[in-house]
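In the two complexes that follow, chain A is the common piece, with chain B as its partner first and chain C second.
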Partner chain A sequence: MSDQPSSASFGRLLTLVPPSIAIGLFFVIPFSLIVLSSVAHQLQSGDFVFGFDTAHYERFFTSIFIGRAVYSAILSFSIAVISLLIAFPFTYVLTGFSKRTRTIWLVYILAQLSLSEVLIAFSWQILFSRTAGITNLAVWLGVLDKPFSLAPSALAVLVGLVYLALPFAVLLLFPALSRLDRSLIEASQTLGASPVRTFFTVVLPVSRPALISGGVTVFVLTLGAIIVPQVLGRPGHWTLSVLITDQAIYNSNMPFASALAVILLLMSGAVIGVVGWLNRGSGK
Partner chain B sequence: MQGLIIDDVTKRYGPVTAVENVSLGFDSGKMVCFLGPSGCGKTTLLRMIAGLDLPTNGRISFDGADMTSVPPHKRDIGMVFQSFALFPHLSVGENIAYGMRIRGASKAECAERTKELLELIHLPGVEDRRISQLSGGQRQRVAIARALALDPKIFLLDEPMSALDANLRESMQIELRLLQQRLGITTIVVTHDQTEAMTMADEIVVMGHANVHQVGEPQDIYKNPVNRFVADFIGTSNLLPAKMVAPDQIELHGETLKIATNTGDFAAGTEVLLLNRPEEVMVRNRGQKKPSNSIPGTVSFVRDIGATIEILVDCQGQEVISMLTPKDSPNVEAGMEVYVEMPVEACSVLAV
Partner chain C sequence: MKMQSSRRRFLATTGAVAGVAALGMPAIVRAADRKIKVGTYGGYFEGAFKEFIYPDFTAATGIEVESIGVPTGETWLVQIKNAARAKKAPADVSMMAGVPRLRGDAQGLFRYFDESKLPNLSNLSDSFQSRNASGQLYGCGAVSWYITLCSNTAEIPEAPTSWAEIWDPRNADRLGLLALPSNSYLLEITAKTFFGGTDLLDTKEGIEQAFEKLQEVTPNVRLWYKDEGAFQQALQDGEIPMGQYYHDVTGLAAAEGFPVRSTFPKEGGVVDSGYWVVPQHAEPVEEAHVFIDYICQPAVQASLSRNVGTAPVVDRAMTDLTDDEFAAVSSDIEPIVPKYQIYMDHADWITDRWNEMISGS
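What follows is the complex of A and B.
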């Protein structure tokens, strides 16, 4: 009997082994290699040798790439804000419906997650095209004189990524909003607040933690998207993730691609850290 | 027309009728309790007065103004919710001032009124506390202060004591009643606790199965329940099947007993229920002469808890309870053969 707690904790430790190995093999080792190669020497041949060379980071801070990093951050931030603006009212209304209606809508939203980013990107490319796109619909309705192409453009990238992020935003907000105490809303109304006012003074502030975690997830998710910006944007609309792919595969510059990857990771980490700090203590 | 008028109100949720053809009227300044078991429609009725639910049929008006379809935020009501529904993201002071801020009151006005309200509820100086730092009783007081902040015409409370422990509940009942009398505000409390209703109410509305069974002053309802449901729900009753033999006489277990009231005007031969209250019923030793208006029985249990002595008597398979005090010195014990005396003025009859 006396050895039961220790054997139980041994068993518990044992269950931690497979995920630890998986994380070690598939995250720690590759990431260490990325950090090492980001300070490696790039050779003329396209190959590189390990060493300590900060040239790739210097290149980042003196080149257009820093602008691309800022652009990526602003784009991802806008997408996070826009998806929350759409997802929050939608989810709020959805949680008020009957269980059956909610389930149907959630399955409908979840179904979209089964579509790959590639499929979504090319579908939007068709929708934004001159020959078969939505402008034809506008022409048919008499709004436009002749159809034109909407992609490639920054707006097309934005729309594509918002579409990609929306189901995630809804799914992240849903638990918090369905747990929201409806009597808070009623109390606010009996105190003279209109439904709109109640939404802004009670529903939004009470849901702040969910909004923040949803926003961060969407931000990080879109920061890593590489297909939608390539398919729906010009090179000028490419995000840092696309440029990393471009450097690694097409320019055979692994050290620089690695340096950019480290910077991207630091950006994501910084956002998560700052938001976590801002959100401290609001968990109760 | 002054006061609150509920005129033939019905509320249906699909096939379920929560409130059926209820008509009630209350004068301004009264404290009313909607009393009934859970699921009787009392909360639905309260929510319709608040405007949180709309009646399927009927009208609700206050001081002559029709309020049936006025949204809650335009109704001039204050409501305390069962869960208190305090805003977790606001401080105590901000919670109380919430309604005032919406009406555009200045910071200084709000601070002054909040201070005044916190003194009213005996909780001064907690403006800056978080809601999570308050105890259950303090939360209730804050919820009351918040509901009263705008001087509403009607003060509604939905099971306000259910989240409190028993001791606190009793003192809060008295405190709430005193507060209501001091402010003279029309108040409606929903409760399933008859002691709570008897403690606080000017008028009790006994509800059951979507209907109103009886409306009246607490003592009136206690003394003259109109039917078996009310008699069972309000206090403890002895209800014994009997048969009318004359307008003021019944036959029970072969004995003829006189009754004081026959409000139902039951004719001789009708099957009825004899009703009396345990505290009116006496237990006499068999050694004495058989008292008038009594039936024989056997003591089955004596619950002596000091302040009261409750004697359970088995009368031909039916249980009769007698609630006495030590001063009555009944001197009985389980198994003893006794006479159960039911004084004439304590006896009335109800329909079966």
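What follows is the complex of A and C.
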């Protein structure tokens, strides 16, 4: 009797070995190297030696980079909110359709994920241009006098990033909304609530965990966007990730790039942590 | 001609066979066959070198070239550094941009050349010979290209004449400029245009002065670009009617019928260059010298100008380029030469100051 559970748990432990090795190899080691190099000492030649030098973190707090970090967080938060505002009602309506219609829509949305960030950024650049962009359509419809360019601008960055995030938001909300207990909605309506009221008082609160996890995922994804802000925005719209790339690729400053990457990771971690904590508190 | 081409094919075939064999026993076979791996910037550059330069080089020397496309800038230096840790070289000879060339030497990643094996080196001016403090040669000018003031002829009927026009308030929100200090060379342009020359940048105070003047340009900039394609498209459409761009590419676009022109301002175009370097652990050192020396010949430089669109690194008088051919890639106006060293000496400070400037904070 006593043997069985321990051998079962041993078996379970054994199955953990391959994924643990994989995670160790592909995540822990590279991440440790990033942390180590973020405190390495940068040499004049562009090379660095491992050591303990906090200069790179100090530089973050004394320069433009902290402003970029705050901007990146605000931008990512806005993208998360906007894409959820669009994705939630859409997904809710989608789950009410027949299985066939749902499948077609989901395949279509999945197909969007195959477009790279580069392709999306440049397509929007054309759509926002003066010569071939959507303002020409407005001129043709008689709304505008002459076409003008909509990029580079904050709006263009916002639109590009929402476009990038939307499929993720829909796909993250879909499982929860399709599993939603329809009897709750029926009960609410039987008790006299209008569809709109049902949506806000029943559907929305029940889907809270999915909304939060979807929001966090979109937030983290957007923090890592580097192409859209550069192609559709001005330097004032560039995210911290863009500056990390610059430091690593053009400035040969791996330690500072690593320090910025660690800070970006801490930001993501903090958001996930705070949201998780808030979510748990309200669940009780 | 026919014989030559079949000879080339023969060399290519034997080269491939030898390459396969070399995987098995590198030390023995590599010594026997004459072959080098040459790295040039991937894409158009690499394609043009492969098509127009390497076949003639192989025909002239019997040395087979294995062409590899390499990234521009620091990424390639990082790859060379990582390979050096394993005592390997990712290429035997490679093109390297101005700033990473300095960093690579400072990190001891390149071999020094034996100048007695480079008789054609004397064709190059001193600025194309990269030497360390004790005078040892580690870099040799390969090709140059110009960054000029380019404009859309429909939007701007009269060609600009001076870099000062990018400061003109009439050009508010109309310009496209390169987004990095070390590829736009706007500090050099500012120093030459308003402070009498790039010597201003020899001190940090001077660089700060240039920054203060350059700051005045920012309201005129619509696009700070990193992707060349994005700017070229906007320039051709007239969406962004003026900016700094590459002289040769603009010339090609104009030849294709787009309403664009490249102007050498009276202060000069910016001449940027790629340099040949030999990574520390490259083995066919002899062949590398033969290759570099070959490219230093005026006739080869002329061929590069005609076929690749680069400016010669030798004096024009040595070449047989016609006026039109020369004008397509270069100019007689004295160029603005980048101060590569400042981007290594003040790397962090210049980047931070630059980022503050362009993001308007």
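The rule is simple: the second predicted complex is superposed on the first by the 260 of 284 C-alpha atoms of A that agree within 3 Å, B and C clash if a C-alpha of one lies under 4 Å from a C-alpha of the other, contacts with A are read in each partner's own complex, and residues count from 1 in each chain.
We take it that a contact is a pair of C-beta atoms (placed from the backbone, for glycine too) under 8 Å apart; a residue touches a chain by one contact, two chains touch by 3 or more.
As the structure is a prediction and not an experimental result, all values here were calculated from the model.
Partners chain B and chain C fit side by side in the overlay (superposition on chain A). Touched residues of chain A were counted for both chain B and chain C, and C has more of them.
In the superposed model, A:P89 makes contact with neither chain B nor chain C.
In the superposed model, A:S183 makes contact with chain B only, not with chain C. Using the contact criterion defined above for the overlaid structures, shared-chain residue A:R197 touches chain B, although it does not reach chain C.
Contacts of A:P175 after superposition on the shared chain: neither chain B nor chain C is touched. Once the two complexes are overlaid on the shared chain, A:G24 sits clear of chain B and of chain C alike. Within the superposed three-chain model, A:R130 lies in touch with chain C and out of touch with chain B [touch as defined at top]. Figure legend note: chain B and chain C, brought together by superposition on chain A, show a least Cα distance of 46 Å. Of all residues in chain B, those touching chain A in their complex are 50-52, 71-75, 77-79, 81-83, 85-89, 98-99, 102-103, 130, 132, 146-147, 149-150, 156. Chain C meets chain A in the complex at residues 73-75, 77-78, 81, 100, 103, 106-107, 179-180, 182-183, 222-224, 226-227, 230, 234, 237-239, 344-345, 347-348, 351-352, 355-356, 358-361. Those residues of chain A whose C-beta lies close enough to touch chain C in the complex are 44-47, 59, 63-64, 67-68, 122, 125, 129-132, 149, 152, 230-231, 234-236, 238, 243, 246-247, 249-253, 256. Listed in rising order, the residues of chain A touching chain B in the complex are 181, 183-184, 186-195, 197, 201-202, 205-206, 208, 282, 284.
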